[in-house]
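Structures follow.
The two complexes that follow have subunit A in common; it is paired with subunit B in the first and with subunit C in the second.
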Partner chain A sequence: MGVASSIMGSALASCSGPQNVLDPAGPPNRSINHLFWAMLVVAAIIWAAVVVAALWAALSRRRRTREDLEPIVDVPNEEQRRHVGIVTGLVGATVVTLLIFLVYDFTVGRALAERPSRSLTIEVIGHQWWWEVHYIDPDPSKLLVDANELHIPAGEPVQVKLKSQDVIHSFWVPNIIGKRDLIPGYTSSLFLHADKPGVYRAQCAEFCGLEHAKMALPVIVHSRADFAAWLAEARSPAAEPNDSSAKEGKKVFLAGACSSCHALTGVEAYGTIGPNLTHIASRRTIAAGTLPNTRGNLGGWIVDPQSIKPGARMPSNQLAAKDLRNLIDYLETLK
Partner chain B sequence: MSSRFERGAWRVRRDATRTTRHALLLLTLTACERENRRFSENPPTAAPTASALVVSQLQPGPAVVEPKIEAPYDDNAWAVSEGKALFNAMNCSGCHFQGGGGIGPALMDEEWIYGSDPQQIFASIAEGRPNGMPAWKYKLGTQQIWELVSYVRSLSSLNPKGARGGRDDHMMVKPPEASTPQTKPKMASTPPGDD
Partner chain C sequence: MTNPARRLPPNESAVTDPGTLPDATPQTLDEDLLIAEARQLEITWRDPAGLWGWLTTVDHKVIARRYIITAFLMFIAGGLEAGMMRLQLARPENTFLGPDRYNQIFTTHGTTMMFLFAVPIMTAMGLYFVPLMVGARSIAFPRLNAFGYYTYLMGVVFMYVSLFINMAPDAGWTSYVPLAGPEYSPGHRIDVWAQLVTFTEIAALAAAVNIIVTTFKMRAPGMSLNRIPLFVWAQLVVAFMIVFAMPAVAIGSTLQLASDRAIATHWFNPAEGGDVLLWQHVFWFFGHPEVYIIFLPALGFITPIIETFCRRRVFGYTAIVLSNITTGFFAFGLWVHHMFATPIPELGQSLFTAASMVIAIPTGVQIFCWLVTMFSGRPRLTTAMIFLLGFFITFVNGGLTGVMLASVGFDKQVHDTFFVVAHFHYVLLGGAVIPLFAAFYFWFPKVTGRLMNETLGKWQAWLFIIGVNITFFPMHILGLNGMPRRIYTYLSETGWGPLNALVSAGAVVIVVSVAIFIVNAAMSWRGGALAGANPWDSYGLEWATLSPAPNYNFLNTPVVLGRHPLWDTGSPLPVVTGLRSDRREVLVTTTFDAQPDHKHKHPHASIWPLVMAFVMVELWIGSIFTPWAVLGGVGLTLLVMLGWGWESSMESDVERVATEGRIVEAA
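Coming up: the complex of A and B.
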């Protein structure tokens, strides 16, 4: 009894969480969930009925005589006519059930494809193995380039345009929206619509190479006011360091290998091979959701990323201890 | 008579089939470990010393025997492909184009201004060269430069064929490195900057 209840408990516990299709956080996913549960319940009832019928057929006692089994002339009797009636009725019921689900499925599909005329547009570009995120604005000077974190406002549909830099990836925020592939040379699009603020986790859902599993994307849903504030903050250039060690760290960043691949808005670092680091200190995770953003993890990632994420484009950096400390000091000022 | 001949032919065929089958079986075993990807070098691969900058045999005093450094990635297909990715990512193509040369010298012909040995190419990339080649040693790690060295060598087929790229990720602008004929490196006839 205790075991059964604990299994039930863990099954229920798995119905919530930041990466869970069964815990919808917005209208599109909720309608998909309704469809899923409706199909599951109806299919379960039908399955149970079929199993019961099969068991009944297998276990019921034979009531036929020898003459019934070997008819000399095949004349439909009362029982056979009844069987034909039952089979026809069940086939009809199957067709009707499938048709109802077909119509239901189309309705859900149409609801997902709904295209609001005005909405925020975000471009998500897949790289091996991280996410580049562009917040598009009609004013090109307000374009915000960010990485490895997706911020959206709650309560309105947000258009996400999906592109890929190298191979096919797939964008999947289980709580908010289903999968869509990011295909090189082709732009696909979908709408994210979340109800309330929260933090969810997206994950690349198409095998894209060695570190496919470590290609996650925290999705942060803000209230509308918070989102506007976040956007304004994120558009600001990289913070100028105040203390001496961070100032030294900035020199390490600019003179060393960091700036060949990483960009800092407002500073002479223009690399586009790796994620933009203008606000690295505000991010929750580093290396595309691989590690929590702590000082120790950051240091380990800079010095030896290849033992954390083997095959990632980030090379191991042999820095003097002092340079490394200063560099981390600098990165921690980039709020 | 004919039946004996047929039997003989059948035996030959059977032996041939068995040999083929064994050969195929052996092939499946060899395919298990083609090469190892070395994601990081620990301790880091030694960078060539300043002596690698010597590009001519002419020098005062007795001849100095230069230790030859083997390119660590010449026979590693994955590292060569990483070098190719870096070649475009670091905009080497901006001057050398896809190896055909333009603003900078061609890398797929037999002429080498500063030498075709691995350590000489390493020095060219790491230290830079006169007339425009920047020094990359502050901007790239030693491992990355070695990957670039092997890719540059693959452009004129100086590394083993198995490690050379067979196709491009994008539209092909030249035959792939794997089908480029091997060249015989020689020193450039014109000094740099004269052409």
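Coming up: the complex of A and C.
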């Protein structure tokens, strides 16, 4: 009983959370949820009816011994006719149920397919195994390149254009809407429409190689005003370090291996193989949603990424202790 | 009983006069003569002695038995891989398997279960029972049959050797490009997958052709199309599906993927004008029918088991046949529902939504017919019947989530998550493996001559049903909670830990159940109760011969007067004589009405099928390392075909039967 209730408990608890289909954060997923629960209830009733019928048929007139050899007889015509009626009726009911599902699904699909005439456009580019995010602006100089975190305003549909740099990935924010694949050679798009500000979690949903499991993307839904403020802040170039250790750290960054893969806006670091680190210190996680962004994790990740995320493109970095400390000091100034 | 012969189909030709059949029967019932004839047939149809005979046999029962055992070993191997995955996922951030090993294991699990277990074991059941159920001495193309098995076996060995030398495929059983392409999967792992698929394709096509021709041309006199057992109907529909589906994956994996990898073509390379979605279309055009190729034969097992244990003829024979055929058609119109998350236009997607829902109807028809049959009879809850209750409990669940997944909006939420993993395991375990176990218990006595232990069987059945539900039901919730499939680990913050632990515990129950089955099968094979010809008092022609069936299957070809021969006419069945006992002959009948047409000389044991399978090894495995192996392989194939054909030409011989209005002994 204890086991059963704890299972029930965790089943109920499983209707909420930052990465949960059943905890909608916007109108599209709310209508998907309505569809889901409606289909689930109907399906549960059908399942129960079939199972009860099967058990009833098997148990009610069962023969208990091998010796009980029921004679093989033809079912009388009158009963046959009744059977024809029953089966026809059940098939008819199946057809009607499916038709209702179909029409309901099409209605939901039509609602989901609605496109606003104007919207904020964000480009998400999949890499093995991280996310590059471009906030598009009609003024090209205002293009914001960010990574591994997605910020959107609440209350309006935001267009997300999806591309892939290498293999197929899939972009999926369960609380907001269903997934869409990022396919090399194709650009696809979907609309994120959230109305509940909060932090949600997206995760790659198409197997993309070794670290498919560690390719997540925190999605932060701001109120409209907060989003504007965040965007302005994020467009600012990398902060200049003030204290000496951070200044030393910047030198390590530019002279060492870091800048060959990572870019810092406003600083002479142009690498595009890895995520842009202009505002690394304000991100919640590192390594694509794998670790909380703490000083210790940052250090561990720089020195030995291969034991945290085996196969990741980031190589291990043998740095002197002092250099490492300075580098982390610098990265922590990049708010 | 009225004279059953009068119900034979109208017969204009002079080949047989059914009226004379019952008169002919008493003449052949002389006991001494029968024993002498049986002894002669035994000698005629026997394999050469020793290892040579073992390697050259073309007896469809021997080949199919090996097929079933090999495929079942693959079920165990795939199950062990699943067990390793469940160990790894039992708790968050576990380190039992790293990503590289895990990816190989889950890919091998899927590839094994689909290509090396499910399809082969279902066709193997057909290769064993279709000739027995249609009353034939043997199968249509026995050497092709042996070749098919050996090719499959080579594929099995190839795959598992690769796994142990760290060369197993690791891009999923679907091998999506570009991940599986030359740029992102260097090395030979994906080549192993691509050519393994080729081996299993060839084997499946060989089996399909055999089942089609055996069903159409070798049925016992009187078994017109509308009297074919439903087991055989299901096998026939599936054989046609194989013929249409396998070429798609052959083009995809061999022509396109393998040549992209081996000789730098650019079918799937967008940089050179190729298209990565093309692979998904080609793969799923095969991959979706594949599911029904696995599932329909299992539906074929269910009908005779229900009829036998409820002791009623099934309600709606015609409806079930039409359902099978309809399912076979629609199965080819659903593939895009695996691709709803790709940029395919929404109008196109909605067509596939509708088709995916429509296919529920024929399956519903069959389920309703079985329920009505059960209600009209008096069931006995044997192990096989308990498994069928498990079928209703488990499969119907999977079918209903399948209907839910047809909805584009909902599918995009749970596509590629554990919800889908739950769905297809419910369908495949509930709709194929559970009926397969029922079939094992039901037909085991026909294969071994002994009954399986029912007490152990019932324990196994309930444990299996419970285990499957504990293992796979929580996966629905995990998927809705955002857990994608094919991940080797997850963070504890996700909250997926407790349900994953429960899932892994369920897997233990399945392991126990399968272990009980293995013990039961081994013990019963050695010392189970002797079964006799027809232990369940069933009706099909397979129960009209000894258990296990002799190497010549039937002493005399039975004559069929209804859909349930042993129930319609009682035992012994009326027979036709005229096939010689001093040489291998089979009776060929007409496609629609199964009237005797001619006698066909049947091949003897031959080593060529095995040799040809080795040529396939040279060709396909060699092609991984150098494209020149294909040229060499083609040359060798031609040489072996010469040898094979030359040997056949020495014995091939078609003889028209019977002159004077009935089948007579030619001697």
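Heads up, the rule we're going with is that the second predicted complex is superposed on the first by the 310 of 335 C-alpha atoms of A that agree within 3 Å, B and C clash if a C-alpha of one lies under 4 Å from a C-alpha of the other, contacts with A are read in each partner's own complex, and residues count from 1 in each chain.
Everything below uses one rule, namely that a contact is a pair of C-beta atoms (placed from the backbone, for glycine too) under 8 Å apart; a residue touches a chain by one contact, two chains touch by 3 or more.
Everything numeric in this text was worked out from a predicted model, so none of it was measured.
Asker: Would you check which partner chain A:Gly256 touches, where first means subunit B only, second means subunit C only, and both and neither mean what they say?
Answerer: first
Asker: If we overlay the two complexes on their shared chain A, which of subunit B and subunit C does A:Arg61 touch? Say first, second, both or neither.
Answerer: Touch partner of A:Arg61: subunit C, not subunit B.
Asker: Scan A:Cys204 for contacts with subunit B and subunit C and give back first, second, both or neither.
Answerer: second
Asker: Tell me which partner touches more residues of subunit A in the superposed arrangement, subunit B or subunit C.
Answerer: Touching more residues of subunit A than the other partner does is C.
Asker: Considering only touches as defined above, state whether A:Gly85 meets subunit B (first), subunit C (second), both or neither.
Answerer: The answer is neither, since A:Gly85 touches no partner chain.
Asker: Should A:Ile168 be classified as contacting the first partner (subunit B), the second (subunit C), both, or neither?
Answerer: second
Asker: Contacts for A:Pro116 in the overlay, against subunit B (first) and subunit C (second): which applies, first, second, both or neither?
Answerer: After superposing on A, A:Pro116 lies clear of both subunit B and subunit C.
Asker: Output check: A:Pro310 vs subunit B and subunit C. Expected answer is one of first, second, both, neither. What do you get?
Answerer: A:Pro310: touches subunit B and subunit C.
Asker: Examine A:Gly296 and indicate which partner it touches, taking first as subunit B and second as subunit C; both and neither are also allowed.
Answerer: Neither partner.
Asker: Hey, what residues of subunit A end up touching subunit B and subunit C alike?
Answerer: Correct list for subunit A: 166, 310-311.
Asker: For subunit C, which residues are in contact with subunit A within the complex?
Answerer: Residues of subunit C touching subunit A: 98-100, 103, 171-172, 176, 178-179, 184, 270, 274-277, 311-313, 315-316, 319, 341-343, 346, 350, 353-354, 357-358, 360-361, 364-365, 367-369, 371-372, 374-381, 385, 389, 392-393, 396-397, 400-401, 403-404, 406-417, 477, 479-482, 484-491, 494-495, 498-499, 502, 537, 567.
Asker: What residues on subunit A touch subunit B, complex-wise?
Answerer: 166, 255-257, 259-261, 273, 304, 306-307, 310-311, 313, 315-318
Asker: Considering only the defined contacts, which subunit B positions touch subunit A in the complex?
Answerer: Touch residues, subunit B against subunit A: 37, 39-42, 44, 85, 89-90, 138-144, 169.
Asker: Sort out for me which residues of subunit A touch subunit C in the complex.
Answerer: 6-7, 10-11, 13-14, 17, 19-22, 29, 31-32, 35-36, 39-40, 43, 46-47, 50-51, 53-59, 61-64, 66, 68-75, 79-80, 83, 86-87, 90-91, 94-95, 98, 101-102, 105-106, 108-109, 112-113, 128, 166-168, 170, 172, 174, 177-181, 183-186, 188, 201, 203-214, 290, 310-311
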